Amino acid sequence: MFFHRKELQFHAKPDRPDPVFAKKLQEILGGQFGEISVAMQYMFQGWNTRGNEQYKDMLMDTGTEEFGHIEMIATMIAQLLDDAPVEEQEEAAKNPVIESIMGDMNPQHAIVSGLGAVPKDSNGVPWNAGYIIASGNVLSDFRANLNAESQGRLQVARLYEMTEDKGVRQMLSFLLARDTMHQNQWAAAIKELEQKEGFTAPSTVPAQWEATEFSHQLMNFSEGEQSANLNWLKDKAPDGQSFEYVSEPKAHGGKPELKPAPDYMHNTLPNMDKQ
Amino acid sequence: MFFHRKELQFHAKPDRPDPVFAKKLQEILGGQFGEISVAMQYMFQGWNTRGNEQYKDMLMDTGTEEFGHIEMIATMIAQLLDDAPVEEQEEAAKNPVIESIMGDMNPQHAIVSGLGAVPKDSNGVPWNAGYIIASGNVLSDFRANLNAESQGRLQVARLYEMTEDKGVRQMLSFLLARDTMHQNQWAAAIKELEQKEGFTAPSTVPAQWEATEFSHQLMNFSEGEQSANLNWLKDKAPDGQSFEYVSEPKAHGGKPELKPAPDYMHNTLPNMDKQ
Amino acid sequence: MFFHRKELQFHAKPDRPDPVFAKKLQEILGGQFGEISVAMQYMFQGWNTRGNEQYKDMLMDTGTEEFGHIEMIATMIAQLLDDAPVEEQEEAAKNPVIESIMGDMNPQHAIVSGLGAVPKDSNGVPWNAGYIIASGNVLSDFRANLNAESQGRLQVARLYEMTEDKGVRQMLSFLLARDTMHQNQWAAAIKELEQKEGFTAPSTVPAQWEATEFSHQLMNFSEGEQSANLNWLKDKAPDGQSFEYVSEPKAHGGKPELKPAPDYMHNTLPNMDKQ
Amino acid sequence: MFFHRKELQFHAKPDRPDPVFAKKLQEILGGQFGEISVAMQYMFQGWNTRGNEQYKDMLMDTGTEEFGHIEMIATMIAQLLDDAPVEEQEEAAKNPVIESIMGDMNPQHAIVSGLGAVPKDSNGVPWNAGYIIASGNVLSDFRANLNAESQGRLQVARLYEMTEDKGVRQMLSFLLARDTMHQNQWAAAIKELEQKEGFTAPSTVPAQWEATEFSHQLMNFSEGEQSANLNWLKDKAPDGQSFEYVSEPKAHGGKPELKPAPDYMHNTLPNMDKQ
Amino acid sequence: MFFHRKELQFHAKPDRPDPVFAKKLQEILGGQFGEISVAMQYMFQGWNTRGNEQYKDMLMDTGTEEFGHIEMIATMIAQLLDDAPVEEQEEAAKNPVIESIMGDMNPQHAIVSGLGAVPKDSNGVPWNAGYIIASGNVLSDFRANLNAESQGRLQVARLYEMTEDKGVRQMLSFLLARDTMHQNQWAAAIKELEQKEGFTAPSTVPAQWEATEFSHQLMNFSEGEQSANLNWLKDKAPDGQSFEYVSEPKAHGGKPELKPAPDYMHNTLPNMDKQ
Amino acid sequence: MFFHRKELQFHAKPDRPDPVFAKKLQEILGGQFGEISVAMQYMFQGWNTRGNEQYKDMLMDTGTEEFGHIEMIATMIAQLLDDAPVEEQEEAAKNPVIESIMGDMNPQHAIVSGLGAVPKDSNGVPWNAGYIIASGNVLSDFRANLNAESQGRLQVARLYEMTEDKGVRQMLSFLLARDTMHQNQWAAAIKELEQKEGFTAPSTVPAQWEATEFSHQLMNFSEGEQSANLNWLKDKAPDGQSFEYVSEPKAHGGKPELKPAPDYMHNTLPNMDKQ
């Protein structure tokens, strides 16, 4: 059950409107690694957690915070769109700066949302739930979360470079900080889990299920032996075993030949190419 | 530039057809964390790598291998579909087992692909490129890869539980092994990168850009103080700083009020609700 | 800014597991008119509201409630999946009921989410933001909301018919009630807005922009005159004007002929079909 | 069964080409509330209508008309694209206006469609059937239709503001008029249905299915009591009952705790976080 | 401009309901090569045709017919769903046939559409406009059309095998016939165009634009020389030239090395892997 | 099983960066008819081929080549993005050319991929597997391939017009040549198959399944008799039969009336519109 407080978690007010930057900022709202993604990912992980109440609680904490980040960015975008010039006017036609803004902003910010944020990425592609994962295996999922916060912070840093607006940068500075925290948080929990469960996820696969002769081979499918010299290859693997380098990977399976399709499939007749 | 060898990397032949399992196996072919995803993800990461030739080489190695895994699973699915009963016949109508198979298999395996694999997940949703990431930041991307191999191995383990076919299990045993290797591989390279660059991705963000007072706070947005007791919270954070627990997160931003929209947007008139 | 309370808004516990019904229940979680849709729709409408603070507040109230409904349904689905039989075992093979459940449940509930809810519809199609609208015009958006609550309540009623589980029905009885409220709520606000702004959205279009001779004509594009007898056609239109019935709609535009494409488009040469 | 007349329903000829506006106009062709959406929505509602022949007829009438609107807008877009400057030429490079047009137009209008309309929105996202609804419940569906025509007319009004081309505006004036009619039409039919069936859709839910104590409560999930003062809250609800304001909504369900997953799911072991 | 006649183009009435077959039949309504695809494809090709009026007319003829096919199949699906057993009842629970139908039918046919057709494929994936093409080059597009009618007729033939219902088969026999016609139609028009324009599309590419030394080489990227023996390789190519077989394709481009990214991109530092 | 050679199949180096053209070039990488589409289409067709080993081999040859084309274009895009100006700087603000490039390039090339290619089209829509087909019927699929190579070559030709960069044009000249080859290749194989199997796909449909009286009729659904004069109509059809022109197509099916829905569907009550 959720409650809403009307104040924002952090300042989200630009110094001045910038509808073209509004379009770019959509990426961290409704893009693959935007705030909708992390909010929904943490929530579904939390709701699906079975028997690990502390982790569930942590997931709900951080997921709930991320909903507040969606709100901040949506509010920022709306203000970047304030009074965006979308009218075709004589004046505008004479003003190449205005003309350029009209051409470069996301047309849906005017036509569809009436100067408001949309749940879409910086190219206008709608957010979809194919971006997120909640697998029930907490170690795997925390690795997904560490990735999401790494990609997210990278995108925030790039957006920081793309604007000189102090108000926007202030909000981005907060997001950078929270992404730093969340990278640390998931990594700390990953370490805890790896120490208890072991490195390889899922930890519950019996050894006899696995063709272990292939479990530590780096296979060189790209011509040349450059990969033989990778530094990490000489160290112990994270699971404590030794890596092995395979210069010329073998084909362990034969050449497959499928049975002809039954007549009722109306596939091409067999051996049509040989007749 | 790529070359193809006709033999498979590993055995991919079921003991007997099982069209219902063929539907399930589609998940690791064309699902979010199926082989198409890892193959395409590693390739795009490789092609976008700038100035880190060894990593690029490793990405091309493993990406090329994954294309061979797509081939193995597609071949397996085609054979699981051999002679699948899709005809409505008197005989079938009398045989509840056949009737049940016809109802439970993916209808597109008969109607669309003629008893062949499709680039879709276990519910028939087409694979899409929104699943993958290649950001140009290698540390972030290797974290994405570690996640993908964790989720992938988890799904293979679950599928292993769902069949007793020895031929299918043999192929899955190979995939388990390769996913073990790839988890170790990306984790080893992540460790290497973290030691050089530092833990937090991207490592190049100047400290003054970040509202660092928020960079290590665990904020408790979920009622109750359970998260205060998380073990990892007491340890050093992965970046060497100390974590801080915030029991009652504050609203640092004010209550936002947006400007009324300009007339030419035809939004609702301002204060319509107060009149 | 949002906060989470660990208790659910309402009971969400089935009397017994039912993985096949779990698949169906996904529709009102992650389908076109599921709880994710209404939660996100009300939120974005709230965040984009300009100068109508009471409406904004109401939108945030109801949107926040809907996040709690996502939580209830996700929790219900996880419990419907408790101990779902996904292992292929000798025992199962002999038990047609178990075999049937394994064939009929959503395979991703086992392979992908580990017996948890997914943000997808009853066929496994991921939720996407193309389902929702926040236009900045409150009257138009409240009509979208009235529709969403009508479709949502209809789907809940149908699901109620499809189960006899008392725990599930109890949760559905709550959702029916809240959908009743929300239909009443949006309709009451619509009425208020129509009385102030006028019926036709948006109300701000100058009359001279509109080809008003076509503004009240029912055009009969379907052979036969049956539509002439529609009862409502004889009443005043909601905007106070009179309807008009057009038996044989005219073509007011001529037959279009496009200019040949410029050479640099490499379209087919003009009049290729006449040579 | 359908027939085509070569003349357009209304004039669709711009005064002069404008490839940048062509991109924007795509929104009302292939966007969420474009003409493809209403045409397909009314058709599917008509085909699925069971036993309400007059409504079916009306749906086919209006759906058929909307196909003609798709045709008008597609024709308009093709002409706005006449001779669009897509060649990179010395001349163009020197002419910033042409350069700007080349940068701002939809690249697919040149590369994919050869100066023709595409079934996509103003950002190039393909139309998809997730936009539409045909539920079999006519009251619910007519509410969907009233919404679609409200959003559609709003978008047309905004596009009218964005151009000064008289030919384009003439076509938009016709679309404004038809959207006025269709808002009136669906609202009139909704009123008729509500009078017969009752306000709440679907009308066939037995009272005992519903937790009626929650059927008229406005729940205040957003901090502060502002929503208590909503005017409509003091009036009778549309279904004749009285609204009730709940200042502090309660959690009627307990704190959920899920059972640990069975071993064969390979989820994280239970209580891994407490060890 | 379009008109509707209430009668169907052909009989579309099943002998008896079959909700499981209704799910399968959705493929040729809303699948990749279903009737929505061909209707929309021919329409957009027609609307985008520039200066080839006879072809435009033919496209509108056949596109309009295909809308009538959508209607037939939608009507058929609704009747296959008549009285589908979706209630959970004691009786049903005792009847394994009914239980099996409830598990195998598309749940959205009950929950979403109220026993009506949906614009989706046989797995419930919504139709989207990414399936279709209208390029402005008529020869290319007619090749797309020939493919669509080939895939469509193949799917109809497979569905014919899957049912013994005489009413359904009667409708499918009509669709088989029309697909035969349309294959012939597009092939005849392709031949006409190839004779005028030449074989290779588009015909307007100047020879000096093309690296013609590669224009007729079959490159053997798959180990072994089997492809050298393809019969058609010995004949003249369709454009009148001679084919050439390349046993070992060369790499004509060098090994690419990208420049390091600029600092402001926050990519991984260059040569991080060599340090 | 696949292997990678580090050299590119052909030169892929632009004379100078051009981030706006990089956006356009994405169309032939990740668009509907881009290189990902043909690579995946030929691969899946090869893997699904049953009993036609030579065709399978040819499909693997050409599919493998197309992966090399993805590589070339991805490499080209990365270089077109070299040093793209994405920083907001005083200098840039003063330089309208730089400002224009920043507005016109794909924002994801900076924010998401760090100056690398993305698996998306020229509008940023992710590639999806709904673009491709592998049906098991080789004749049908080769027709799909001929279409894909025609659309692909058309798009390459248009892109050639849009740039004057010699390096880009050199790569495009190679792609034009390979598309010429592949059009010839699939057409030659189609001819071979048609001679053996017959023209109409699939060739295995018994005559008595088909309502043959409709198999050669051109139906005139578009007002006017223009289509009666099509030249090809007077020739023999490709399958050797004669075409027939139907001026006024008849409705062979009656007017459909559906049964009222059962009560448990909660559809609108029957005849609600007549009361």
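A few notes on this one:
Think of it as A, B, C, D, E and F in the order they're written, each chain with its own count starting at 1.
In the analysis below, contacts are C-beta pairs under 8 Å (C-beta built on N, C-alpha and C of every residue); 3 or more make two chains touch, one makes a residue touch a chain.
These figures come from a predicted structure and were not determined experimentally.
The minimal number of chain-to-chain contact steps leading from chain A to chain C is 1. By number of C-beta pairs in contact, C-D leads when C-E and C-D are compared. When chain B is fitted to chain D on its Cα atoms, the angle of the rotation, on a 0 to 180 scale and to the nearest 5, is 180 degrees.
Centroid to centroid, with C-alpha atoms defining each point, chain A and chain F lie 28 Å apart. Taking each chain's centre as the mean of its C-alpha atoms, chain C lies 32 Å from chain F. Shared interface positions of chain E, defined as residues touching 2 or more other chains, are 1-9, 32, 48, 50, 53-54, 57, 60-61, 64-65, 68, 75, 78, 86-87, 96, 100, 103-104, 110, 112, 114-115, 120, 123-126, 128, 130, 133, 135-137, 139, 154, 157-158, 161, 192, 202, 204-205, 221-222, 224, 230-231, 249, 251, 258-259, 261, 264-267, 273. Taken as a contact graph, the chains are fully connected, with every chain touching every other chain. Against chain A, the residues of chain C that register as touching in their complex are 1-9, 30, 36, 40, 43-44, 47-48, 50, 57, 60-61, 63-65, 67-68, 70-71, 74-75, 78, 112-120, 126-130, 132-137.
Residues 154, 157-158, 161, 230-231, 264-266, 273 of chain B are the ones that touch chain D when the two sit in their complex. Listing the residues of chain C that touch chain D in their complex gives 5-13, 32-33, 53-54, 57-58, 60-62, 64-65, 68, 72, 75, 78-79, 82-83, 86-87, 110, 114-115, 125, 128, 130-131, 133, 135, 137, 139-140, 143-144, 146-147, 150-151, 153-154, 157, 160, 169-170, 172-174, 176-178, 180-181, 183-185, 187-189, 191-192, 199-202, 204-205, 209-222, 224, 226-227, 229-233, 235, 237-239, 241, 243, 249, 251-256, 258-259, 261-262, 264-267. Contact residues of chain F toward chain D in the complex are 20, 23-24, 27, 31-32, 96, 100, 103-104, 121-125, 154-155, 158-159, 161-164, 221-224, 249, 251, 257-261, 263, 265-275. Considering their complex, residues 1-6, 48-55, 86-89, 96, 99-100, 103-104, 106-108, 110-112, 114, 120, 123-126, 135-139, 192-193, 196-197, 202, 204-205 of chain C touch chain B.
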